[in-house]
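I have a structure I would like to understand better, so I am pasting it below and will then ask my questions one at a time.
By written order: A, B, C and D. Residues from 1 in each chain.
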């Protein structure tokens, strides 16, 4: 896919964020690895106003390479992840409400659903608090997801980052992360959640990653 | 209804799943008994991309009979149910959030609403945990629903299966299952749910199945 | 308004019920007093399928006067209310989820919001359990609302009835009932709801019914 | 922007209130400072029926200057705020459900999210109960927001007021207020919310107000 096609795809994928209820106003963003740099949402622009041309090309330190718009203030974090995890082709960041509620409790989302075992291979981990602005957030994402089955992490008091081989795969992980965060939240309110056995989690994850879908 | 009409109807009914908030991304599926086999959603395809032609025809063990797409990974479960419950003409499977939250607590949904007595004739039962892949899930659905008024079952840590004489009837049961799962969840949070007397449940169920609707 | 206009208006108002999230599938209905009888939704018809012609004309005992469709199974209840409360010109019935959750706890919705004082003049009362089929539900609605400021009642284990001088006024009450039922539910979860003083409720209700809106 | 443009903009912004789930039926309103007076929503008109011409021009005591429609019954409150806070160019008032649930508990919304530190610079304060009709509500808003970073206040047992240099900025604050009110509500239900350190709040707020967005 060339850069023009990638800009078009990134614009279309961004529209899924409000459609799926993952973002409010201008928060949240998606990026795609593009050559030795990346493409990412411009900062502070509403989703209705995004165009393929408005996507900002930066290097992997989040510095703008061309164009007039400033990149997302999360660009340095995205770049850090691309630099340290070479298999990652797309990244999504949101403050989706249920996942962020778990994050505000500094609590991983426990794996009590077969759909979670399928998609995340276990609990969705919660990373430590880190301030925006430098490399702390990216470092925390890489530290946790670098050795984890889950393509999603929640960060304490902050929100969600998901990774994938493509922006679309990362978007799917962000959508499913909020979906299971909600169902497990509801389950927790009922007061008697049943854990899944590790053996069952392993078998479900293995099956999902080798049998599910079209091949 | 011939197979072409059934494919068209099945496609239309699938669109109700996201519209009613019962599914996320590619999860969830509907099937229809068709001759001595069935038609079912293809695996891992998003709802926006479904067409009548994409519906997969399988035998009642979930093995594809023709076409290029793989059937839903739940096809063996659907087939098992059709083989053992001859009055069933349609099946719906979802991970709808409120019903699945009850399932993650391994807890039946108690019958505290007249609408539940009408539609389900009592509580919505919760089946035991079963792994996907073989016949365990289908066997659990048949074991419980085979002698139950309810056309809906929740399965521990998993989600919902509903049955009906037609795919549309099974869809109605799936929609109403999530609706009452939500209202009863909210009622449970308020802390003082009032049970319905069995005699009232019986009278409501009897009336609904003999008087309600157009005849 | 002649009967044709009333049928058209009733059809339009019914579409607000799913749009506002008050109903699921075929449940819920609106009626309008029409001459010495009434017009009401047909039984078991989905909201997408309603037409002005499908509205059923009945007497005030809920018996069909003409046409081919059966009236809502709640028609006898609506008729009872019209017979006993001559100022009522429209009635709405729903199982809207938050209001029904309060009803499943047999608990009135406490008046902790200025918007509730405005619209309902105090708490929304909860009537006793009554079986559908005879005059019990209508009698309970009349017994409670006959001497109450509130145009809305919730019925134990069942749902909501609202009344008004017109079907549109009753619909507004049903929409606002669910709105405040939700906000007060959320407030209750936070654990420290502050009551409104009766004197403040009285002043708010008085002002709203004499100053608010266009005159 | 001349008055005609402002009327058009105000109409468009009002449509965001139901779209974002902040209002029900006719409640909620937006105003814009206009010359030495203001423009505001007419009282008791549904959002679907608003037109640029229907916006009511009043003085800063909320008294209509021309036109046939009565202004919002909150006009005196808006006027009081404009008179006492000269930097305010737009005001939004809603009863959005999650924020109002906190208000019904007379409880400020604690700052446990980086997005709250960004947007509100700390907790969203809760003002004392005040009756509509005179200047009490306006005085309470000015008393609290006059010396606060937050552009949003919740008022006990009532709802939300937000201010901004423009109506659009005030709308953004109202949307974000409900968004964080919901996420923090959910976080509170999980039972172990982690506070943000004051030092982190300060650094986030400073960065957001100087670096975020396009310049």
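Definition applied: contacts are C-beta pairs under 8 Å (C-beta built on N, C-alpha and C of every residue); 3 or more make two chains touch, one makes a residue touch a chain.
The UniProt protein names, listed by chain, are A, B, C, D = L-ribulose-5-phosphate 4-epimerase.
Model, not experiment: these values are computed from the prediction.
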Copy pair chain A, chain B: interface residue numbering same or different (half cut): different
Most distant chain from chain B by Cα centroid: D
Angle (degrees, nearest 5) of the CA superposition of chain B onto chain C: 90
Separation of chain A from chain B, taking each centre as the mean of its C-alpha atoms, in whole Å: 31
Separation of mean Cα positions, chain D and chain B [Å, integer]: 44
In chain A, residues with contacts to at least two other chains: 189
Chain-level touch network, classified as line, ring, star, complete or other: ring
In contact (per the touch rule at the top): chain pairs: A-B, A-D, B-C, C-D
In the complex, chain C residues that touch chain D: 112-115, 172, 175-176, 179, 182-184, 186-187, 189-194, 196, 200, 203-204, 207, 211-215
Residues of chain D that touch chain C when the two form their complex: 24-27, 42-45, 69-70, 73, 95, 97-98, 100-102, 104-107, 129, 131-133, 156-159, 185, 188-189
